[in-house]
Amino acid sequence: MLKKPCFNLTKHKLEYESVKEFSSSILEVPLSEKSILFFDVSQEVEIKPDDPLSVKQDDLLKTGEKFLPFKDKSSKYLTSSVTGKISSINTFQSDYGKKYISITVNKEKEEIVCDKFSKKSKEPTIANASEFLSCIPGGISENILSNTGEIKTLFVCGTDNDLFSVTNQYIVSSKIESLKKGIEILKNITGIDNIILVVNKYLEQTALNAEIKTEVINSEYPSSLPKLIVKELLNMELPQDKSFIDIGVDFISAEAVAAITQAYNTGKVPVDKIITFVKKDGYKLLAKARIGTPIKNLCAACDTAIDNNDRLIIGGPMTGSAIYTDDYPILNNTDAVIVQAADNISRTSDYPCINCGTCVMACPARLSVNILVRYLEAGLYEIADDEYDLSACIECGLCSYVCISQIPIFQYIKLGKYELAKIKAKAAEEVDD
Amino acid sequence: MAKSIAYEFGKGLWKEIPPFRLVLGLCPVLAVTTSLQNGVGMGLATTFVLVCSNILVSMLRKVIPSKVRIACFIIIIATFVTVVELLMQAYAYTLYLQLGIFIPLIVVNCLVLGRAEAFAYKNPIIHSLSDGLGMGIGFTLSLGALGAVREIIGSGELLGYSVFGSSFKPFTFLIEAPGAFVCLGLMLAIMNLASKK
Amino acid sequence: MGDYILLAVSCILVNNILLAQYLGNCPFLGTSKKMETAIGMAMAVIFVLVLAGTITWITDTYLLKKFGLEYLRTIAFILVIASLVQFVEMFLKKSIPALYAGLGIFLPLITTNCAVMGACLINIKEEYTFIEALVSSFSYAVGFGLALILFAGVRERVLIARVPKPLQDTSIALVVAGMIALAFYAFKGMA
Amino acid sequence: MREMIKMVLVLTILSSFSGGLLAALKNGTQEKIEYQELQNVKGPAIEKILEGCENDPIVDRFKVADGEQERSFFVGIFDGKPKSIAFETYGKGFAGKVGVIVGVNLEDGSMLGAQVTTHNETPGVGSKAQDDPSFVSQFANKTVTDSFGVKPDGGNIDAIAGATITSRGVCMAVTEAGEIYKRLKPEIVKQLEKFNK
Amino acid sequence: MIKQKKLIVSHAPFIHNGSKISIKNYHIMLAALPALLAGIYYYGIQAVGVIGLSISFSVFWELAFNLIAKSEKRIGDGSSAVIGVVFAMMLPATAPWWIILIGTFVAIIIGREIFGGIGSNPFNPAVLGIAIIALSWKEYFDFNQALINFDMDFNMFYPLAALKSFGASSISSISVFDLMLGKQAGAIGAVFGIGIIIGGLYLIAKGIIRWEICFSFIAGIFLTSMTFAMFAPTTYAGPFFHLFTGYTLLGIFFLSPEDSSSPVNKMPMILYGLGCGILTILIRNIGVYADGILYAILIMNIINPLIDKIKPKAFGKV
Amino acid sequence: MTEAILIMLTLGGVCGAVLSIASKVFYVYEDPRIAQIEYYTAGANCGGCGYAGCSAAAVAVINGKASPNVCVVGDAESAASIAEIMGLDAGSVESAISYNTCKGGERKEEKFSYIGVATCKAASSLYGGKNVCGVGCIGMGDCVKACNFDAIKIGEETIPVIDSNKCVGCGACVKACPKNILSVKTMSERLLEFNNIDGKLAPCSQTCPAEINIPKYISQIIKGDYQGAVNTIRERNPLLLSCGRVCPHPCETYCRRGIVDDSVSINQLKRFVADYEMNSGKRFPITCAPDTGEKVAVIGGGPAGLSCAYFLRRLGHSVTIFEAMPTLGGIIKYGIPEYRLPKKVLDWEIEGIVNLGIEVKTDTKLGRDVDLQSLFASDFKAVFLGIGAWNDYALGIDGENLKGSWKGINFLSSVANGRKITIKEKKAAVVGGGNSAIDCVRTLVRKGAKEVYIVYRRTRKEMPANEVEIIAAEHEGIKFVFLAAPTKVIGNKNGEITHLEYLTMELGEPDASGRRRPVPIEGSETTLEIDMLITAIGQSPDISFIDKDSDLKELKTTRWKTIDNDPLILQANLPYIFTAGDCATGPSLVVDAIGGGRRAARSIHLYLTQAEEEESENKIEPVENALYKKHIPESIFETLEGVVKKPRVTMPELPVEERIKTMDEVDLVISEKEALTEADRCLDCCRICYNKETTETQA
């Protein structure tokens, strides 16, 4: 799949994995002693990581209990996935300015499931969904839960964004009934009429059999990136200065839909996440773990030892991110975890761009990557954006994948976007002054 | 406030040697340096104009109104350029032929005008004199060096004497227009390299 | 007519004022770092050179030659050109500020541009008629602009390349200019 | 207003002063310049053509009106007699005009030779017309009033390799010389009387 | 405190398709082989010497520059060797060693290294090298004169020089097929047309050079030469003659598609190729030079940054 | 000839006329300053300033977007000329060069291996960079690439090294650095810099109330650059001679070396360089920014007032100190006895400060000799109150005012003033456990008292006085009476003191301050035979002037009679009044007062320079992210690896027998050799890295 064909007049093809190639068994990861809950504080402008929290050490959390870390400042909440006492609270600096509050919970012997949800949610309503379900596995966007009526079309992604991962496909193939019911629930509570299940060709039949409104997309990477789904199914390119919500579109993963069904069926907030795990030798398996389980427990359960100079990747191989500590927890959107052995790691080089144009041919966003990357290397982010459409990049990573000089183009682009945002924010600030 | 006269003189020889450091007055540098003789001749002509105009501008700096100062500088410079032109015609005619149109064009050499504007108009006569002299000599040296390099490699001769013998096949590229640009560019790089240490 | 076209081609490509006659190199290097600036400068030069070429031809023919004062050519020309440029600058600034912003800011650079003065002198030296002088002035300016814009295009690329430190900026720009001059040899003999 | 007057005044005085100065200088050097000009530009060519003459052809020159133009003729005295003259004509070369001096033996109208004086040709290619004696030597002893052309054009002169245009230009100039000679011969003969001592 | 394992952190993507500059360059050298072998067949051991010297000098210059500039040594990627090969293809078999030394110096150092090395050169280094030395030492590039000592079983002369001097009638006797087989005087790698075409097609098939440039180049040559030939068939030669003489095919497949100095977007590539073709014939027909390929490519190299600004509208751009 | 002259005359005339007419007809108003400024730029159109050519830069200066020293090629002279044209605060004209504040380098620890784009920006955007230290240098040299003047290189320790000869202070490197480890600051900016929670700060620097860059001056001492060390200290603390003697050095408490053996004797090192300057026979020059013409009145010439005046003066303001006493110095002059801080030393130091151009009016008391009205009349724009705390608290017991009873400060200042007090052969008791109490007893010993008691209501452990002082007092034979609360002073009929009666106490539950509260034991009254009593149980400011001055009626005070202010910006409720030192905080450390003086100076500086722009808003922005009296948690260690024990240099002091006889200075300065050894013990800490000493390097 990752080999370059001998003769290539056409561009490189990367096919998505098919869930059918997986063994149907799913590995259950045992509950870990310590779980870590991440609360994202980078989006909230007014919250600073060192603001006082409304929870503190030694507070007891129940499984499925929701709590608001910054009660006074933000209504965003976290759902505890285990029962236990908070043992420490730290800040965690992630990439590109992202910051989390990490709350470590020590498992109590006996698990107590919080019953607030079951009490309040006999009937599915948008109110109780938004009150309890924003942290379900797979994640659900605020726009869906706030029910402002802007969303006209909701795509349920039965495809996985990135290569290797089959998490959502697994849900479609194994829980199609639950998915169907979840879509009904969503229709009822949000009032969105046009909910479409998006699958690729591997699962077309499954979806058709279940009689769900389905669209089939290309099975070639990166066609299941949101922007390309919109392009393929709605035949429009998302304008650069608009967001999906502006054109009345939103996405939800199949896993989240199934989780909604599960929540209302059982009266418990779902806390288990399905993860595609890729071992060092490339063997892939599916695992089920609590949200908040440290990666090292997942690895241990999958018989994979982490050594020095290995690479631990959260997410897929094209768009994921490498982490530096195996204490990092599984989050509600962690679809895949990849472990690469030290001697199997593709390196980058500091070769200059040789202007071969392969990236230009590969780029689904039609960027002049060859020139763009030079401006980015020189740190001229504004020119890169004004003249070479930096912000039009849809972040698929194909340019770096095909680059003959092995330039970390994708990193340059991400960095460029990040720095550009900073420059613009600063300029806006100056205008305000 | 005022720096020493020796400093003003010396800076033109290395620290601010034109056109390598102060990239000014490139046209004659490129055009006439096909040989050492031409280069030095042009350099001396420029030096003469530079020194005379610096002195005169400095003398008249109190009289010249600042609004028409550029026009005045130009008249002063043009006068001296014409003087040089006439003298050269009378006493160094071959050189005059070689330098051709570039003699009258000294008048628009940014170096001369630049020094008048940036230095002589603000400084006393003696300083302006030494500045002009230093810059002029620096300019001459640069032109001479470039001319020598191009002449030796480009035609295998120096001042008309064969350097490498008759079997040498000169690299005539350097005598041609593109060669002039490339040669100056590379010499500039060598200067940058040298001054770094 | 054919002669004028040949003259134009000769002045634009074959005897390009920058690359073959070495005139106007300071602004050539100075204003070519960015394409926008290069285009502005090119336009300014075209505008001024046509005016200057005409006026100096008139001055020379009806004033200097008449009185046998050819030796005052240098001083007369530069005076006329400098005054003209300054006049145009003031005029634009007041009357057409939009044009001034795009083109006028380059005018001070033109006063000391030997391309302008040089082209005027060549007109006289080659004993062109008035029309020929006009054509050649315009063509020289177009040649200047063409070379400048092409140069700016290449230079924009070189600016973001990993040029070794001692060669950066002017040094590498000169080498590029040399290469462009070499490429212009292609047009040799075409006019 | 006061400032304006001052500006105009300074500019006027300065320029008139420079005009005066230059005029004075010009007067002083005029003679010298004219001699230098002839000596250097045409001197070598004339010397070669009128080789063996007893006088200085540049001193012994006269002018003849040809239509609107005036043409200079240089006299070569052989055996005490003004037998030959040399004069300049122009042809169109690869890059601008090519000046050619043609020497004519008045007695039989044969050419003493032709020499290229001024040109702007490519060094090493077109410039061979001046430097390479084998090309111009083809003209010697031919009748001046003939028409000349390079062989590719069906003429009688071998072109310089790679410099057909220059060669063509030279031929043009020589052909024109023949026409001038035909046209002005009576006047020339009249003028020559003066040198017949 | 237990020491945390030190993992490797890098940025996505974490996989790569495995392409390498060195492999690409070896393919180019492989593609040059047919034409070179033909050259060696015609010109013998001398040609082998020229090729060998050209490659080794090229690599030497790059190494020397890297040592002086204290930059990373990258001679292993074969890019200098490729320049050496292409450079050798344009040389006559009689080229003396010092010309190769200076030519490769110009190509590698002035043509490429001082601009920042591989990928940064605005001009094709090999073209630049040949153009400069051909300007300086014309006698070695006058193929008639240079190859005078070779005794062949065919009429050995440089067709373009003949065309330039004596018009189209002088070359009417030459069959296109002979030209394709290399029965003409010329540079080592430029005479055997079929070989170059085979190499070029191989490169296109491998995706190493871009077909848009090559085909539009050919189109440009055909269009222009046919127009000229239509108006004055006695003075100007036809398209096939132009295609198979001089450096034309070399220019089409090995010189003009050089990565760094050619455009990468579709429209610019076509314009670039067309421009090269048109200029080539213009120079051959009305300029002073017998072969216009070198200058045509140099001119298009200059225009390349400008035309490469024509690019498709980016995703979601309004 | 004539023709030539005529033609040129016409030509010149025509051109001149056309131009001058055109300049009238086509006149467009342009700020005349643009041309003037352009005249002073270097004219090279180099673009180093970031503007498109010199003319554009000039426009930017006019629009206030660029500072007068915008031209990186031009020298200080041209910058000064431009500033003159702009009539700007010339303070920003001082030349600046770049400084590296990170000391991480090779000793830093990494949390992962990084592969990818080799720039600091890229590396830092992934988890803040590979270093464990989140704020330190990444070492990939973005700054080197950014520098147009070749002034930075990555040194052997993989941290940037700046060549100060080449640096022009353009700030390109600062912009390039994602970790803010480089700073280009003018002297004024450096003087006004405050410790920041993101700072690269050693624990000692975090602790020091004056925020002195301690590791920097110690490393300067190691290099033998004593003058540099003095200058480093002077950026934060003008009273280094005094502080070197009397500072209780809270910094040493947090010295990391103290975790392993003894903390570095930081204060001794400060004293060493301070004394080095004094003994060198010349004063190291102190530079001041150009005059701003703003006048500030500083009321009180104590440490806070001197510090504030000093910093304001260095910022270019005109300062006048009004001092109620005959000489400057305040509490350190009158409250600290000679044997701890010789008057000669203090006077030398104060002279240095006053010599910067500070006007001094002694014997002038606010409320008595001057009032606000008169200050405003004399053009003072802001007033700094640093009047100290001179009112001793009374015990509030019977017989307190008997003859032979003194108040602590009163006693000490009387001694300092040389007033005749009979102490010889007296039995004296000093009530209190603070430093002034110890000062009193040690003074008494030296003045020949027969028996000296210290009466304190808690135990030795709770005594707020410095440990060294207590020890010294013990050595000098002071008798300590702990857990004793005076209840009554008993006198004879002449009104002279004979006895002190006190209750014995026991310690109860800890109170708010964490000290165990003493509880009296009923019926444990004891008497102590004395003929002299000094109460030194604390002081409060003398704020009587408030009532005398109608303009000050509004001034808010606290219940401790201190002047109420914003604790961070030190502005009182009247916007033009700023306070610091004991009068704002209550009795505290000298170094607190010095730090307060500097913070007040910043506020006053901002108040004066911003006042014109925002007349309505007199509120000054506090320092962002200031680390005021806090510690960076991650920098406080509990264990320390890789440090080899080395003894601390002992401080030389006069032998007890000698010192109790005279008021001579007790503590002596350490020798140069000892200073170097001691400085060498410094681990050169930064936020979390420090120099590990391996046994190999010791051998």
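We call the chains A, B, C, D, E and F, going by the order they appear; numbering starts again at 1 in every chain.
Keep in mind that, in the parts below, a contact is a pair of C-beta atoms (placed from the backbone, for glycine too) under 8 Å apart; a residue touches a chain by one contact, two chains touch by 3 or more.
What you are looking at is a predicted structure, and each value in this text was computed from that prediction instead of being measured.
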- If we look at subunit B and subunit C, which chains touch each of them? D, E, F
- Message: Tell me the chain pair with the top count of C-beta pairs in contact.
- Response: A-E
- Task: With centres defined as the mean of C-alpha atoms, identify the chain lying farthest from subunit B.
- Result: A
- Which chain lies the greatest distance away from subunit E when centres are computed from Cα atoms alone? F
- Message: Using Cα averages as centroids, what's the distance between subunit C and subunit D in whole Å?
- Response: 32
- How many Å are there between the centre of subunit B and the centre of subunit E, using C-alpha atoms for each centre? 41
- What whole-number Å value describes the gap between the mean CA coordinates of subunit A and subunit B? 66
- Task: Measure off the straight-line distance from the CA centroid of subunit D to the CA centroid of subunit F, and report it in whole Å.
- Result: 88
- Among subunit C residues, those touching two or more other chains are 69, 71-72, 75, 79, 82-83, 86, 157, 161-162, 164-165, 167, 172, 175, 179, 182, 185, 188-189
- Task: Could you tell me which residues belong to subunit F and also touch two or more other chains?
- Result: 3-4, 7-8, 11-12, 15-16, 19-20, 23, 111-113, 115-117, 122, 126-127, 130, 150
- Counting only residues that touch at least 2 other chains, which ones in subunit D make the list? 7, 10-11, 14-15, 18-19, 22-23, 26, 124
- Message: Which stretch or stretches of subunit E touch subunit B in the complex?
- Response: 102, 110, 114, 132-133, 135-137
- Query: What does subunit D use to touch subunit B in their complex?
  - Reply: 3, 6-7, 10-11, 14-15, 18, 21-22, 25-26, 29, 32-33, 36-37, 39-41, 123-124
- Can you list the subunit E residues touching subunit F in their complex? 4, 6-11
- Item | Interface residues, subunit D side, partner subunit C - complex | 15, 18-19, 22-23, 26, 94-96, 122, 165
- Message: Give the list of subunit B residues in touch with subunit D in this complex.
- Response: 63-65, 67-68, 71-72, 75-76, 78-79, 82-83, 86-87, 89-91, 93-94, 97, 172, 175-176
